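I've put the structures underneath this note.
In what follows, chain A forms one complex with chain B and a second complex with chain C.
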Partner chain A sequence: MLNSVIAGLSSGGGYALLGLCVVLTYRLVAVVNFAMTAVGAMGAFVMVTLTDEGLNVWLALLIGAVSAAALSGVFGAALARWFAGHREGTKAAVTVALFVALTAIGVRLFGGTSTGARQFPNPFSDPVFTVGSVVVPQSVLVSLAFAVLITVAVGLMLTRTRVGLKLQALSERPATAQVVGIPAPVLAVGVWSGVGAITMLVIVLVAPRLGGDFGTLAGLISTALAVAMVGAFRNLPLTLAGGLIVGCLEGMSASVDSIQKYQGVVPFLVILVLLWWRSRREVWDTAHSR
Partner chain B sequence: MTAPALALDGVKVNRAEVPVIHDVTLDAAPGEVTVVLGANGAGKTTLMDGIAGLAPVKSGTIRLDGTPIEKLAPYKRARAGLGYVEQARTTFRTLTVEQNLVVSQSGDGDLGTVYKLFPELDKRRTLQAGYLSGGEQQMLVLGRALVSAPKVVLIDEMSLGLAPMVVRRLMGTVGELAGMGIAVVLIEQFANLALDVGAHVHVLRKGSVVFSGPCEELRGDERRLHRLYFGGPPLSAAAGADPAAADSGGGTAPHNGSDAGKTESELE
Partner chain C sequence: MKRTYTRTATGAAAAALLISIAGAGCSDSGGSDGPIKVGSINGVTGLFQTPEVPKAVKAVFDEVNAAGGINGRKLELISKDDAMDPARSGQAARQLITSENVVALAGSSSAVDCGVNRATYSKEKIVSVPAIGVDPSCFTSPNIAPVNPGPYTLTTAMLYYASETLKRDKVCLAYTVLPGSGGGIEAAIKEWTNLTGKTLTVKNLAVGQGDPTRYLVQLKNAGCQAVAYNSAVGPWFQQAKTQGMQNVDFILAANSYSDANAKVIPAGMNAYAGTEWQPYTDPTLPGNDRWSKIIEKNGIQKTAFSQGAVMAADVFVQVLKTIKGDITRESVTKAFKEMKPINYPMVGTPYVFGPGNEHNPIKGSQFVKAENGAWKVLPGGFTVPTKK
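Let's look at the complex of A and B:
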């Protein structure tokens, strides 16, 4: 079981980053972005298509990341232009529509679960070290390091740079930020593009473990949302921890034969438990206010 | 005559697709405080939002130093030299005093000028804006407008919820801003305080300008102000008021700055 939990940590680092991207998009541009992983999957499949054609893997990775960033930026620009004054629910609904459209296009272009699985490059599959019977693969360390690096870098960028401060101001008071000269649409497109590129990289990292079809990878949005909920769509370190917890839970469930086939339910269980846990106080208060 | 720093011509502004401001024409000269008065719901804040770009201008032109800005995004208007002090002390609460100023700083904007004008802020540079008192928050919002090196500053109800002593202090600062050559457009609930510091006044009723003229014409004349606000004589004086001067409906008052300088009875 410990081996499975360790293996789960490698996905956990990726999940943490996906959760982090959800939190950042929500905090900085006030959108719950359901289309995020579909955009990342699109970039990942651009990359794998290019490597299948014989292009150098690093160049293909760069082109994939840029294409995901560009696609995400276009969506961000569209939302900033036409939905800036709308409620969060409306903006989320727009991203749900984009998710459905992108998934349909992706499955059409790259194939479904049974026909579209691709061989993603897996340069980090070798073990780093073995303790007793527990094997720790490189992918665990790379994934964890990437997650911690991005979390720390984003935290520093938000608090130590002028752009970061402007992003904080924008997230707190979007209208006021604009009237003091902060270019909200430009910054919003920057956030969307950055999130698109990071999501693509994370998807490339977790694809060898999860299976390489478009639908499965685009569907990672449910895991990303569960992880973001652990951090209450706000707290970056808690989101990081949430990703690792969800990864470990998935790893554990994979090691028990009787529940292995229900592994995909883990994110929804996490969402359910968090919704129940967070609403218990409201129930208590309501009962006592009568 | 000095060319206006801000000039509105036939401006119409909608709020949620409902017309609120109708054909407003007014100017604000550099180095002067231009006061905009009116009852609650007259459209003062909508007018300011329209100038700043937060509410859509349906027609008419807004010129800042002669350049039309009505089609620009709000941040581009700010960068062109339009500062806006919104209602309700809109600080960025999680940022420190200094960070609030830094995110707004542009061009020739200088933090030192703000700290000189408001020494209270200098002592609290590293404190989060959310922990400042109401007066200090208002100072910070004024300072934030100042560090963007503005040509025009719009100030909307800065006295809201503040102690009279603080309001008087801030009114003095408004005069100082004008002394720096900035055109200040001031909306204020305390009409007499605003008229004391202002040079010209425009009174709005139901989205239209019903009076434009020098502040001294209205200074201390509460009865006339009341009639301009509500379109009729004050209730207590209704019996003795001149019926010819009273507005019959209040909704059809003539409106636009081409009538600047006329009295309200001329307008009506």
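Let's look at the complex of A and C:
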């Protein structure tokens, strides 16, 4: 049992990173982006396709990140252009459609589970230490460090910088922000591009652990949303903790025989319990802020 | 406006009905002239894609036709793409049987066909010889008999290979089980226990998505020496390497036997794969010569699925040649139910349809090992589980 929990915890850093990307998009542009991991996977597969062709890894990484940024930027521009005045639910539905389309294209371009498996660079695979009988590699520490870095850096940017202030204004009152002279569409496209590039880096980092084919990587969105839910789509440190919690729950469910077969539903169970918990004090018809 | 539309639509429907009645009258392949119509349902688009399968079946039929056909009649393949959509699959079967009036189905390759259409095939008294049986119903229906071993007999062969050929004492199993096929896997494990008297050290039928470390740690702690596994390959082996499981023999199911997977298994890990037909990566193996010749001549992709296609078409043609008199749906069904076993070198046991209510004639598997980013065929031929 203990070993399984530790094994689960070691995957928490990767899950936290995925959740942080969702929270980041939501806080900055007020869209729950279902297409996020698919965009990241697209960039990641551009990268491995180039490294398979013999291109230098760093150059391929850069091209991959730029292509994910461009793709994400296009989606952002489309949402800003055609769906700016719509409700959050509508925007989320648009990203669901984009997710379905991107996954279909990705599987067609890069192959399915067995024909499309790719070798992702895994520079942090060396073991650092052993807890119980679980070997903890460098990648676990790197993921956790990257997650902490995003949490702290974005937290500081939003509260301490002028750009951060503008972004907050844009996400909470886009119309008002535009009236006071914040260039909303340009800023939004910039944010979408930035998040696209970060997501691509995250996907490349977690791929050796979480999946080597396009469909699996794009499908990580369900885990990402469960983790983001722990942080209520707002709180970055809680989201970080959420990654560890989901990892831990997965580890536990794998070790208990009677619940083993239901472990696939862990992320959804987390979502359900949190939705219920959050809404327990809500009164019908009361307006509440995001 | 609306009224005009309705009247036009009714008119069109009536015309269509007339045409289809007339069509059924003159395109009846049950007669003794005209081409012999054969149907197949293949995943060409959608999540399960096997576009090479209908091409390979057609290539075999073209060869037979060039040599004069069967009793002077040409073979015509009518392949329908079901895009892994159950509704489309059902519609395709109805079209093939009622509109096209095919005598049988040969060379189907769809992830949903057997489950959706098994009842239709029984009701219409028509047989199907799929190139690839995917879902459990392909191996448990009275009128379907695929030319591949399928996931269940393959699982028995994988466990048998681990315990008897590799002589590992602690054999474990970590599987992703599709809804509805858990019972089949349990039966396959029981069959292995019956044959060898051995039991599994760890049985995990709930391998899911996400980080595989938790499953690997469980297997490592139990001291597993061989692990039968059927899920995603890349992360599994990356993390198995991190956890120091270099001395464990991992035996993968046929769905993992692809060039892409051989490349993602890190050096130093022991990975075997059970194949359903002779490994397609070596054209010199018995039975592969004919397949590779026909595939290369027609410019078709070389995959394990195309082997199933050539075998299904060959077996179908051989049975058709035994029919004396008219080739109709009735005579074809009768011929398959009464056929003598056919030895086909590409598989481990003879193919036979027969009268039973369930058919899984092909047993056994040839094993390959991942070495330097490619699959290497192991000596020893087919492993067919037998009583010790």
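Note that the second predicted complex is superposed on the first by the 248 of 290 C-alpha atoms of A that agree within 3 Å, B and C clash if a C-alpha of one lies under 4 Å from a C-alpha of the other, contacts with A are read in each partner's own complex, and residues count from 1 in each chain.
FYI, a contact is a pair of C-beta atoms (placed from the backbone, for glycine too) under 8 Å apart; a residue touches a chain by one contact, two chains touch by 3 or more.
Remember, it's a predicted structure, so these values are computed and weren't measured experimentally.
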(message) If we overlay the two complexes on their shared chain A, which of chain B and chain C does A:88 touch? Say first, second, both or neither.
(response) neither
(request) Determine, under the contact definition given at the top, whether A:179 touches first (chain B), second (chain C), both, or neither. (result) first
(message) Counting residues of chain A touched by each partner, does chain B or chain C come out ahead?
(response) C
(request) Applying the touch criterion given at the start, work out whether A:223 contacts chain B, chain C, both or neither, answering first, second, both or neither. (result) second
(request) Would you pull the chain A residues touching chain B in the complex into a rising list? (result) 162, 165-166, 168-169, 172-173, 175-185
(message) Which residues of chain B touch chain A once you look at their complex with the stated criterion?
(response) 52-54, 73-75, 77-79, 84, 86, 90, 92-95, 99-100, 102-104, 106, 144-145, 148
(request) Could you please specify the touching residues of chain C with respect to chain A in the complex? (result) 47, 49, 204-206, 208-218, 220-221, 232-235, 238-239, 241-244, 255-258, 260-261, 263-264
(request) Going by the contact rule at the top, pick out the chain A residues touching chain C in the complex. (result) 3-4, 6-8, 10-11, 14, 107, 111-120, 122, 125, 127, 133-135, 137, 207-213, 216, 219, 223, 247, 250-251, 254-255, 260-264
